[in-house]
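Some structures to go through are shown next.
In the two complexes below, chain A is the common chain; its partner is chain B in one and chain C in the other.
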Partner chain A sequence: MKYFLRKTIWLLFALIIALLINFILPRLMPGDPALVVVSQLEGADPEALDAIRTAFGVEMDRNIILQFFDYVRNIFRGDLGLSISHFPAPVWRVLSQALPWTIGLVGLATLISFVLGTLLGITVAWRRESKVSDVIISIFLFIRSFPFFWLALILVYFFAFENAWFPLGGGRDVAVRAENTWEFIRSVAYHGFLPGLTIAVSSLGFWLLTIRNNMINVLAEDYITVARAKGLSDSRIKYNYAARNAILPSVSGIAMALGFVVGGSLITEIVFSYPGVGFMLYEAVQQRDYPLLQAIFLFITIGVLFANFFADIAILALDPRVRDGDK
Partner chain B sequence: MLQDMLKLFISNKKALVGVMILFTFILIAILAPVLAPYHPRQDGTEDRSFPLQADPGGEHILGTNHAGYDILSRLIYGTRLTMFVGLITGFISTFIALTFGLVSGYFGGRIDDILNLINNIFLVIPSLPLIIVIASYIRMRGVLPIILVLTITNWAWGGRLIRSQVMSMREREFIKVAEVMGESKVLIIFREILPNIISLVMVTFFTATLSAVLSHATLEFIGLGDVTVTTWGSMLYWARNSAALLYGAWWWFLPPGIFIGMLGASLAMMNFAIDEISNPKIRER
Partner chain C sequence: MKKQFVLGIILALILLPFAGETIQAESVNRGGVVNKTASVQGVIVRNFNPFSPNALHSTYGGFYETLVFANTIEGDVEPWLAQEFYWEDDLQTLIFELEEDVYWNDGEKFTANDVEFTLSLGREHDAIHQAGIWDQGLTEVNALDDYTVEFKFDEVNTTVLADVGGIYIVPEHIWSDVEDPVEFENDYPVGTGPFMYEEGSFTEMSYSLERNPDYWQLGEDGEPLPYIDGVQYKGATGNEQASMMIITGEVDWGTYFIPNIDRNFVQRDPENHHYWLPEGNLVYLNLNNERWPFENRNVRRALAKVLDKERMTEVMGSGAIPAPQSGVKSAFDDWVPESAQEQKVDVDVVKARELLEEEGFSENDEGTYVKDGEELSFELYVPSGWTDWINAAENIATQLELAGINIDIEQVAWPSPFNDNIINGDYKMSFSFTDSGISPFYQFDNILPSRHYAPVGEEATNDSQVRYRNDLVDEAFDGYRKSDDPDEQMEYMQTILDEFIYDMPMIPLFFNPTWFQYNTSNFVGWPNEDDPYALPHTGGMDKMQIFLNLQPTN
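Entry: the complex of A and B
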């Protein structure tokens, strides 16, 4: 319980810091982005303009701490201001169109690569003497050294351009309507295949190498030798004794890898013009849509923070020392 | 002891390949004017200009780009800035990580609480989105702001690694002995602890450099770096913006990516080798 409480407090604290970073960034930057934004939004709904002023710090006469509270209050009301590139749509509405695409694509691809990478890492560590293990490790060490976006370019070139097996980009066939459920799902899966593959293949190495190293350390422990001496079956030792302990640092190591994976995945969306948060981030950058940009960054950060939180909670279920202990 | 490490390092197959690739790239960077057939911005001699978007072959082994610059020459010259930004960012990040790790890990207490909190924040904030947001506010001119922005997000991982190593080292007998003998804290840190975490510092350096190279390339690719300079990342930016993909100009976008990957792989291999050498459990029997 203490553990859960500590993690919850950390989550709340990190969330506040994330808000603070978002609040401070535009105020720190040279060239006064606030004035740029407000001048671009001339003639907008005065109430919405107010939210922008608060978010970007145009009311310089007001106490900065009060400004921050205003800002947080606006965010909790779902008022993130107006998007410049989609004027006069509110940022929240623009963003909410992109969120499901990213959660679906990045979430699913990451989950698949995590499960596959972990299983593969366990096997590679278990059979570390074999040549095949060496080859697998080398391949993923190599793949991990490429930027996500370049692998995406290569896949587009070979599987969408040279051989038109997959679409060049986009999230779905525009002609297919959402009411036509099966057609729609088929179209979404068809469009999501290549970007999903890019993300899964690129991030697999992160998971594989983490679990492999942990697993090798665990396999050298005395209790594994004892388990062998007792004559337990190989698969029991492998999964119940070794992997179960090796996976713990892997779960908490998610924080690191997740940062890389999320960053890389968002860039992958750009190459495929996938209608998710990453591509929207790119568009916001191109059009200097600062309100949208800030909102996207806030959401990515919140997403990563919660993912980390859930990983920490998963340890509760996996690690009896944390579950029953007083720590 | 350092000599033994070196011997072990060279006798490791992965390390050897990694070192060789890295030195090849360093050589390419230094000898760029000799190796490259043309200047990266040369679009022809006085009497005739290079064709635009030429196919590979003849005078241009990898063809020319949208502005009529020789792609091979740009690839070779691009090695310079790409390596420079990567290595310098890696170096500064490692320095910060080391300072943080030593101070936080050795002194502990209040100092550690505060420093570790900062470290944790930097660990969980996704770095690439943060870099993108910052980079979209400041127009990048020259490499200095890029190095700065990359460093901000790059030191945290290594710092955490070094901190935990220093913390466990602090409890060892030989440190306790040095403390009892009244050696100064500074001396203990630099003479007792530092030599024992050299391999970890190297891992931090290679990892930080690798992630700097990848982030830098990504930043250039989406046009947030300085796209007027010649780097592998900016080559990929121009390739995509000139629709190289759509007219099948693989000679334009394949080579820079392969170079990035090779450089990254060489760093990763050396890292892997250090892991094998310094951790006997992982070392091959």
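Entry: the complex of A and C
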């Protein structure tokens, strides 16, 4: 219980710090965001400039502490301000166009690659003396070593551009409306296949190697030998004794990865013209869209913090030593 | 009488592109949806507010229309919602006579009250896009009767015609209930235009338009335009992704840069894949005329003598078109006087060196020119990430080095702080660009008149100003503005160009091309080099001429 309480307090504390940093950072950047808007709004006079500053909440002469409280209050109200690069659209409206796609694509691909990679890693470690294991490991070491974007470009070039087997980009077929549920899901899956494959294949190696290395260490432990001597079944030793211990670092890893899912996958999204948050973040930086930037960072921070929190809880369940240490 | 005249123009516009083609003028094909790149990077956010700087392109001309159409290729102002327009004798009152048979797409009638209302929005809300109109001497806008509107000005300035006539008119019966027209996203646009938003078509990366069946302009067959059934806009994350869409035929109309376009695009289907890259905005080397050494005309001229723009655009390989010293695009060649041609500074590095040496510069050990201990060594500002401009900047550095001038390229984020430097005069050399208009007047009016001037450290009034002052030029700008006689205006323009080419306050470099690729397998009637009836520009009204002209192939 004390462990749980400690983690909760830590979560709240980290959230406040994150909000504070998220609030301060854009205000330290050079350049005047209002001027960016004005350069788009031709002919706006200085009074309009002030009106725009107010609309965006960049009131230069207002007390910075009051500004911070306004900021926090607005966040709890769900009001993330107006986007600069998409003015007058509210940040929430802009972000909600991209968030579901990113969470769907990157989240699903990450989970699939984690599950596959981990299962494969366990098997490879268990049969570490077989030739097949060596081959699998060599293949994934090879895949891991070539750049992410190269794989994406190759896939798009051969499977979408030269041969039109898959679409060049986009999240779905433009003619398919969300009302036709089945067709819509098929279209999304069809469009998501190549980008999903890129993310899954290139991160699979990481999960595989992480669990494999741990697994090999664990398999050398005395209690595994004891378990064997007791005549327990292979699968029980493999999953309940070895894998359960070896998976702990992977759990922390996947928590981190899932937290970052909200940030999207910039390169995949660019290459496959996928409507995700990663590209939005990149565009927001280019156009100094501070309200949008702040919102995306906020989601990433919250994502990472909560993912870590849940990982800690999961470890509590998986690792008796954490519970015992509590007593 | 007037109506026939307008109809005549429209008919001529429609007939023109088919001259010499296999399609018979009488037979009209209808139907089909044109696929077009959305010219938006990444996620598309729904915004059909014509007063917002981020409205989607179909808002302009597709849903909402203007009183007149400023044709930047022909260089004139043509009727649109106003079938006729003229200045009263005092040149301070502008009259628009509106088309009488126009309806909003919700069935309400379009009248002069809508025009008066739209203009009043700009007076009440400074932050909306067209607000600048009210800073140009406009004092009142009155609906004289249902189809006549007068615009009154407190000074004579005939050049505002394209601006005031270029405002997108919105319906009073909808917008009078809008609380804040600045922050209004206008999800369901009600306009007079040839297209309507297709319900439910909006996704993160696409949306589509359907034809307005009761549009007021008629086609050759006597039925309402457009011939096509609709337009499908498709988004992409960037250049390469959008280029692939036009190369593979996923879209009919492309608006992106394609490297090595002949091999990558045309050769895939020489029959149907075409492109045309007409001259767009002028990009120039902005010299701060207020700071050493560019307050010296001969130094500026020496620089102009060194820079070989043909070579520069060749190196860039982006389709940019080299600009002549006059900075006037080829469509407006007849504005450039003989005298200015004579004064033209030819590219000649040896002469440039002589010119600098006459001014008292001498080479130091490193081969850089020095005068009174100060080197000809400058930072050249260029917006970070604008790769074609950065290539150009690198080429400028290489070329100027030959003439003993040292350039450091500084990449700065655009628009801020890039423009801050220019506005405050805290630079010596920078890249800049200016919009072109319906005559060379408009681009130079953004740069040369001394009303933009401010001492270094104070804010000059235009983003692209070089702190140049010349009384003759000021007078000529004033004269042009106060005249509505094209011949007189041409004379004034020639004075400006004479002075400009002699003084070289800035150095025209190249014209950004207007990116335009088209596919004739599904639709015909595209503008091209042989038939430049419209600028294939997707932002404003220009594209509408094309959409109204396209016909399916079968």
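Everything below uses one rule, namely that the second predicted complex is superposed on the first by the 268 of 327 C-alpha atoms of A that agree within 3 Å, B and C clash if a C-alpha of one lies under 4 Å from a C-alpha of the other, contacts with A are read in each partner's own complex, and residues count from 1 in each chain.
FYI, contacts are C-beta pairs under 8 Å (C-beta built on N, C-alpha and C of every residue); 3 or more make two chains touch, one makes a residue touch a chain.
Values in this document were obtained by computation on a predicted structure and should not be read as measured data.
By the touch criterion stated above, A:F149 is placed in contact with chain B alone, chain C being left untouched. Within the superposed three-chain model, A:L25 lies in touch with chain B and out of touch with chain C [touch as defined at top]. Residue contacts after overlaying the shared chain place A:F184 against neither chain B nor chain C. In the superposition on chain A, A:G169 contacts chain C only, with no contact to chain B. In the superposition on chain A, A:R288 contacts both chain B and chain C. In the superposition on chain A, A:E269 makes contact with chain C only, while chain B stays out of contact range. Of the two partner chains, chain B is the only one that A:I17 touches; chain C does not reach it.
When the two structures are aligned on the shared chain, A:F279 is found in touch with chain C, with no touch to chain B.
Applying the stated contact rule after C-alpha superposition, one finds that A:F161 touches each of chain B and chain C.
When the two complexes are laid over each other on chain A, chain A has residues 30-31, 33, 161, 270-271, 286, 288 in contact with both chain B and chain C.
Partner chain A is touched in their complex by these residues of chain B: 120-121, 123-130, 132-134, 136-138, 157, 210-211, 214, 217-218, 221-224, 236, 240, 245-246, 248, 250, 253-254, 257, 260-265, 267-269, 272, 275, 279, 281-282, 284. Every residue of chain A that touches chain C in the complex is listed here, in rising order: 30-33, 35-37, 39-45, 47-48, 51-52, 55, 82-83, 85-89, 93-94, 97-98, 101, 160-161, 164, 168-172, 174, 177, 269-275, 279-280, 283, 286, 288. Listed in rising order, the residues of chain C touching chain A in the complex are 41-47, 49, 52-54, 126-133, 135, 182-185, 200-201, 203-206, 208, 232, 234-238, 241, 244-245, 247-248, 250, 385, 413, 415-417, 419-420, 463.
Taken together, the chain A residues at the contact with chain B in this complex read 10, 14, 17-18, 21, 25-26, 29-31, 33, 128, 141-142, 144-150, 153-154, 156-157, 161-162, 213, 216-217, 220, 255-256, 258-260, 262-264, 266-267, 270-271, 281-282, 284-286, 288, 290, 293-294, 296-297, 300-301, 304-305, 308.
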